[in-house]
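Labels A, B, C, D, E and F are assigned to the chains in the order they are written; within every chain, residues are numbered from 1.
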Amino acid sequence: MKMFTVSGSPHIHGENSTKKIMYGVVIALVPAMLVSIYFFGINALRVLVLAAASSVFFEWLIQKYLMKERVTVSDGSALVTGILLAFNVPSNLPSWMVIIGALVAIGMAKMSFGGLGKNIFNPALVARVFLLISFPVAMTSWPKPTPLTKGIADVITGPTPLGIVKEGLKAGKTMSELRPELPTYMQDFIGNMGGSMGEVSAIALILGGLYMLWKKIITWHIPVAMLTTVAVFSGILWGFNPEKYADPVFQLLTGGMLLGAIFMATDMVTSPMTHGGQLLFGFGVGLLTILIRLWGAYPEGVSFAILLMNSVVPLINRGFKPRRFGDNPGVKIKA
Amino acid sequence: MDNIILVSVLVLGGVGVVSAVILYFVASKFKVYEDPKIDEVEEVLPSANCGGCGFPGCRAFAEATAKKASEEHNLDGLFCPVGGNDVMKKVGEVLGLEIEEQEPMIAVVRCNGTYENSPGKVKYEGVSSCSFAHAMYTGEGGCQYGCLGLGDCVDACEFDAIYIPEDRGVPIVKDNCTACGACVEACPRDIIELRKRGPKEKRIYVSCVNKEKGAVAIKNCSVACIGCGKCEKVCEFDAITITSFLSYIDFNKCKLCRKCVEVCPTNAIWEVNFKPRKIKLDKKEDKKDGDGKAKSVAKEEKPIDIKSGKVTEVKNNPGGNRE
Amino acid sequence: MGLLKTFRLGGVHPPENKLSAGKPIETLPLPKQAVVPLGQNLGAPSKPLVKRGDEVKVGQLIGVGESFISANLHSPVSGKVLKIDTVLDSSGFRRQAVIINVSGDEWMDNIDRSTDIVKEIPYTSEEIINKIKAAGIVGMGGATFPTHVKLMPPPGKKAEFLIINGVECEPYLTADHRVMLERGEELLIGVKILMKALNVNKAFIGIENNKPDAIENLSHLAKDYGDIEIVPLKVKYPQGGEKQLIKAVVNREVPSGKLPIEVGCVVQNVGTTLAVYEAVQKNKPLIERVVTVTGKSLKNPSNFLVRVGTPVKELIEAAGGLPEDTGKVIGGGPMMGKALLNTDIPVVKGTSGVLLMREEEAHRKPESACIRCSKCTYACPMGLEPYLLSRVSKLGKWDVTEKERIMDCIECGSCQYTCPANIPLLDWIRLGKNKTGQILRSRNKK
Amino acid sequence: MNQMQNFTKGFLKENPVFVLLLGMCPTLGTSTSAINGLGMGLATTFVLVMSNMVVSLVKDFIPDKVRIPSYIVIIASFVTIVELTMQAYLPSLFESLGLFIPLIVVNCIVLGRAEAFASKNGVWSSILDGLGMGLGFAFALTLLGASREILGSSSVFGFDFAKGDLMLVFILAPGAFIVLGYLIAIINKLNKA
Amino acid sequence: MGSKKESTFKNMVLTLLVVTAVAALALGGVYQLTKEPIALAKKKKQERAIKMVLPPFDNLKTKKVLSYDGGDSLLFTYAEKDGKLVGVAVNSYSDKGFSGHIEIMVGFLPDGTIYNTAVMSHKETPGLGSKMTDPSFKDQFKGKNPSEFKLKVKKDGGDVDAITAATISSRAFTDAVDRAYKTFKKELKK
Amino acid sequence: MEYFVIIVGSIFVSNIVLTQFLGICPFVGVSNRLTTSIGMGGAVLFVLTLATMVTWLIQYYLLVPFGLQFMQTIVFILVIAALVQMVEIILKKVSPALYEALGVFLPLITTNCAVLGVAILTVQKQFNLLEGAVFAMSNAIGFTLALVIFAGIREHLDTMEVPKGMRGVPIALVTAGILALAFMGFTGMVK
């Protein structure tokens, strides 16, 4: 007689899979990858490939030989982490530092907690902050973009727009004095400015974000809450004193703001589970980012802000529950 | 020069004395009594915090014993199954009481529906939880009383005393069982029972819990109890009763004469830790070659050294999902 | 069609696969032997009134529902009672059933077997309910809750609306769809009867937009019946869940742990309504129902009118035989249905379909780690957090499951359907519901 | 118990830092380099040995209610002695250890040993216990300090492996937690094996 | 443990009294003993620093001088050799460090040229700001006369090469040197 | 502004647990559950503030006048120990409910570096009494903040399958390390 399978319902499964989600993110990252290779040349490619390959390799190594469990590197999450790590470092970072970054991201921030889905902090950002603090010099010398079309020029390093503003204001200059030193908004938008690889081109990042929204990989809540907070908060300060504070458009387009908002704060593993919680999370990231940018020692605050908010995600998840069915009956219920 | 030493002595001494005085008064004024015996009892307990005693932890058990001892001067109904008589004796000593011995018990799995005896009729796919499967269907072998083999009991055991051999799919209890009863609680089908270990670990029991009519029972499992009543008749000590086609041996009455074992047509009655006797190849016994082995199982099975961590993974649903 | 009504929270949209939608209802030949389980309804099983060797006629009372929540049982065939024994039924367990050897097709005399449509409803509310009770009607939408109980709101509660569930949101199933197309007139009379029984003057029939022909047919017919409104709904699973349906149709939410009557609603399935018509107007007890037999490899997916007690293998035979590659047989739809252990299992009052899944569809994909994507939370129509519920169920934290409202779960499976990590969420949640329910019950007893 | 065991158990099996998880603050705070760790460890060892000795000597004369305050006073005295002596003769080490010298007083190991061991045992075993525990503590601090120094500035005990710094994090606060975390994981594994 | 003292009031107070008294006695003693060495150690550090930042001398005189901007007063140590002023060591500070206060000592030749500098105390980050104790940074001040060497980091338009990635500490160091120089000038004018 | 600097400085910039390394034992030990960590935080807030104020008074009215600063450690710890014990005894009697909530943590607090550390730091930083109290309170809040965040994380980790070797203290410390890494973002906000 035929042996049937028995199992609980449901008996069918949708199209979603972890793999699809992760490779969807990779696809969304392609435009930004191309832009960064265009502006930073072969070096960008080196860092990208190295970071991605070593992330995947470390995950494989740890799963196979340390944790001795089913190897799931093919799900693509390590690849995403690797690419995002590459996006968060300057394209001229020495190779061995990139490899250390991958080891920190995968080994420390992800696998120590048990692997995909169990980590508290965003692995790529842990690695970035780790590198930033470990190698302050290498991590803050940003190559100037030299478009591929103009041949392979010497790598000249220079400060990021945020660095220029931070230093300038500290030195007592005003925003209008600094403006000529800064790239134009158009340059910000296209990506023709100094910075880490992934944070330079607003348009490419937004394109990727739209793709992920369309594919339902992310929802709008975190990016919108975060960017709105930044715009409003920096807008108020700017309106208050435009010479002392940079304008909101500048704040939104520079640094890792968009990369963070679209690709890193949205990492589902390390962000809250409900829309309400996500709005709060985005708000917190935005607020902390601006606080750190304006008053902290670092010119850039997105990474820290996201990590700080990552740490309170378990608390947010406790407080923010989905709207339960039945709590608003829509009609008076007799006791 | 001596001045500084003098001042130090005065100041520090002063601070010390003032603290002492204040503390003394505060302490005597706000006194709360706690029985020091509780700590002493807790110290002799095994600190397994398994809850086998029925209290939420060793400390709670210690409190309960101290209270009962001081109020009623006995410890009736309080027993630490893990520590057993030795520990209870010590507890008694601490509390100044005599403790009656309780006969040692062991968990017994009353099902022999192995892959061989009760071959699968469907394939189960789902979580490794007997409780879940119990609510869903009969079980792969088709017996709706029998073991589901997903190891809730194994997960429940704090002592690594029960495991499911890969080729059997039905658990086996090891000798280090402390009779804490956690597995009994965990099994949704009430298959596991705490029984007396018996003299020299010898015990006899019916390894089946199927309450269906014999014909149905035997269809799903070749070693099921069919309620034929032969054992009941042969038992001279009234130890066996049959209710809803299922035989049960009262371990308080059973004298381990082994007569019932011989008459059982389906080999549903197990004798454990007896010397293997000459197997009379009569009736159905020749049908199954491993009969002697199957019956005197506990001692023989013990050497199967499956690493403790591994046991939980041994499930009879190869396709099942378990993290 | 503009913005269609639907419920707001959660929901998924699995491929519809309504293979048998265009197949008219066919009457299946009688089986040789009918196996009639005594526990076909939610609540206590019926008590058998016959014994081995008794001769029975079609429609003869063979089991009686004695307790408050239980139902009568009638013989679906005529013949001789072979025995009363345990058989494996669709519950997955062996339970008591009356086994009848069929001979001929002899009906009880009081049953009106003509096809005339009787419009007049000369009965009072009480009479209607008594007739329904006598006919052993239970909910045919899946829950098999005795219908007469639903029609008697507890003291102090009053029904405002009757909502007929014509949603059939489960993929593959088309039985209700066909009933709405072919038996529209009788259905509407059934609605009228139920309205009268409940003493309400507004009824809605909720139908998903993927059945435009049914919507059209009923809208057309309903013109003659005043207070019955046909509500087209956006396609979204599990709209057929009564709480979701109520939300979609009248925008009310049944509070946690409460019944629809709390917000003045009573929901009945299309098939149930038809059965009510037949019981009240034609004295015909619930002995047969429409069952969809379907599956991607099945030669001839069909809708059959089947006597209760017919083994499903006869349905499968009639639809072209069991395909070689069948890996799983499901009683019901793919989202809520129960896997059947074999094909000897009989059709019961609650069997809405038999779905044959091919071997390659029959297996779950391997589970991986939860990536906390929240998709399950977004999909849950009850606003629960399935990832959390399943995790704490697995860990046995019953206080948390209770606090997180595990008992609200309607077991729709939307969460598990969506989960990208293929986690058997609903398995664990069911386990959690079982345990939590036990704890709640024992606490209530105290 | 065997006297030798009183001494050796502090190193791995009952290491106060890795296994008993006591005295975490000085462990993390003063292990920026191997030499600092060693200094702190030895200072603590001195206090441990001396206070263990004194406590075991006077244990019978102290009423229960003031047991803890008395022990604390005894310990604090030795801490102050260390503090003053270091200030006088090892000023630079004193400066880099800073606040953590007075905090030896509240190091759970010291009071814990006084309470759990010295108040129940004889002088000799108490001294050995203190010495063992103290050296175990010093061992842990030195190990941690050395790891952090090697990772952080590629040098240890003044010996440079490479020019310049390596990974600064390891000298800063986060590195302390991280290195200790992994060290404990490794030691757990070793102890189990 | 039978001989253990009862927890009576008298016993408790007495015990504590005795314990604290003995402790105090011991401590007082040690304090007396280490008082001198401690002071000596402090003095030695100061002297060692002076020796480093000034040319050889045989006599020292100290004086407190109010900072040029009215901040905390600075300690001036006048060094003489054979009765002739060979240099002045100024204990200066800045609060602009990355982690707040830093203290340095600057040695000036009588003409205002910086002879050498020494860091007395700082809390800057190890590996970053702490590099200001490295010769590679410090030595650029050697032999410079602030009248022609602009005491500001290059980023701020001065002549001082900042430590990579530690401009703030460099700035603070420069600020402290500047403070010393300005106060020195002001004091010399008097 | 003074106070603002003290408050922000002690809660975020140089968080007592994550950058000063004080009170690590309870941080690791009592942060398993959210409720207990809040209880601990409350107890620390109370004792820390009280102890800092009392030791401040002792420092400036007893030790300084007599030139006995070298006895700071011994006097402070004695006073703190007595204080904690007193609070414990009184609480047990007066409010058993509060004692249930806080009491279990009180003995832990005596040997908590945070209390003695903050008392000494207050004196070192030459705060006046009010500043000292604010400093103590902010530090206690900083402690509670770290503890609560951490408890949230650990409760969450409890439901996860952390690899065997890392389970418990190791992963807690690594988490604390990453948290400290994140807190470095606050560097430079106030000095």
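As a convention for this text, a contact is a pair of C-beta atoms (placed from the backbone, for glycine too) under 8 Å apart; a residue touches a chain by one contact, two chains touch by 3 or more.
None of the values given here were measured: they were computed from a predicted structure.
The minimum number of touch steps separating subunit B from subunit E is 1. Shared contact partners of subunit A and subunit B, listed by label, are C, D, E, F. The chains touching subunit A as well as subunit D are B, E, F.
Relative to the C-alpha centre of subunit B, the farthest chain centre belongs to E. Chain geometry summary: the mean Cα position of subunit A and that of subunit F are 34 Å apart. Taking the mean of the C-alpha atoms as each chain's centre, subunit C and subunit D sit 71 Å apart.
Distance between chain centres (mean CA atoms), subunit B to subunit C: 43 Å.
For subunit C, residues touching at least two other chains, in rising order: 92, 339, 341-342, 363-364, 369, 422, 424, 427, 430. Among the residues of subunit D, those in touch with two or more other chains are 65-66, 69, 73, 76-77, 80, 84, 168-169, 172, 174, 178. Among all residues of subunit E, those that touch two or more other chains are 12, 15-16, 19-20, 23-24, 27, 31, 98, 128. Chain pairs that touch one another, listed by label: A-B, A-C, A-D, A-E, A-F, B-C, B-D, B-E, B-F, C-F, D-E, D-F, E-F. Residues of subunit B that touch subunit A in their complex: 120-126, 132, 136-137.
Those residues of subunit A that touch subunit E in the complex are listed here as 136-137, 140, 167, 171, 297. In the complex of the two chains, the subunit D residues touching subunit E come out as 32, 58, 60-66, 69-70, 73-74, 76-77, 80-81, 84-85, 87-89, 91, 95, 152-153, 165, 168, 171-172. Those residues of subunit C lying in contact with subunit B across their complex are 86, 88, 92-94, 339, 341-342, 363-364, 366-367, 369, 394, 422-424, 427-428, 430-431, 434-435. Of all residues in subunit E, those touching subunit D in their complex are 1, 3-8, 11-12, 15-16, 19-20, 23, 26-27, 30-31, 34, 37-38, 40-42, 45, 121, 125-128.
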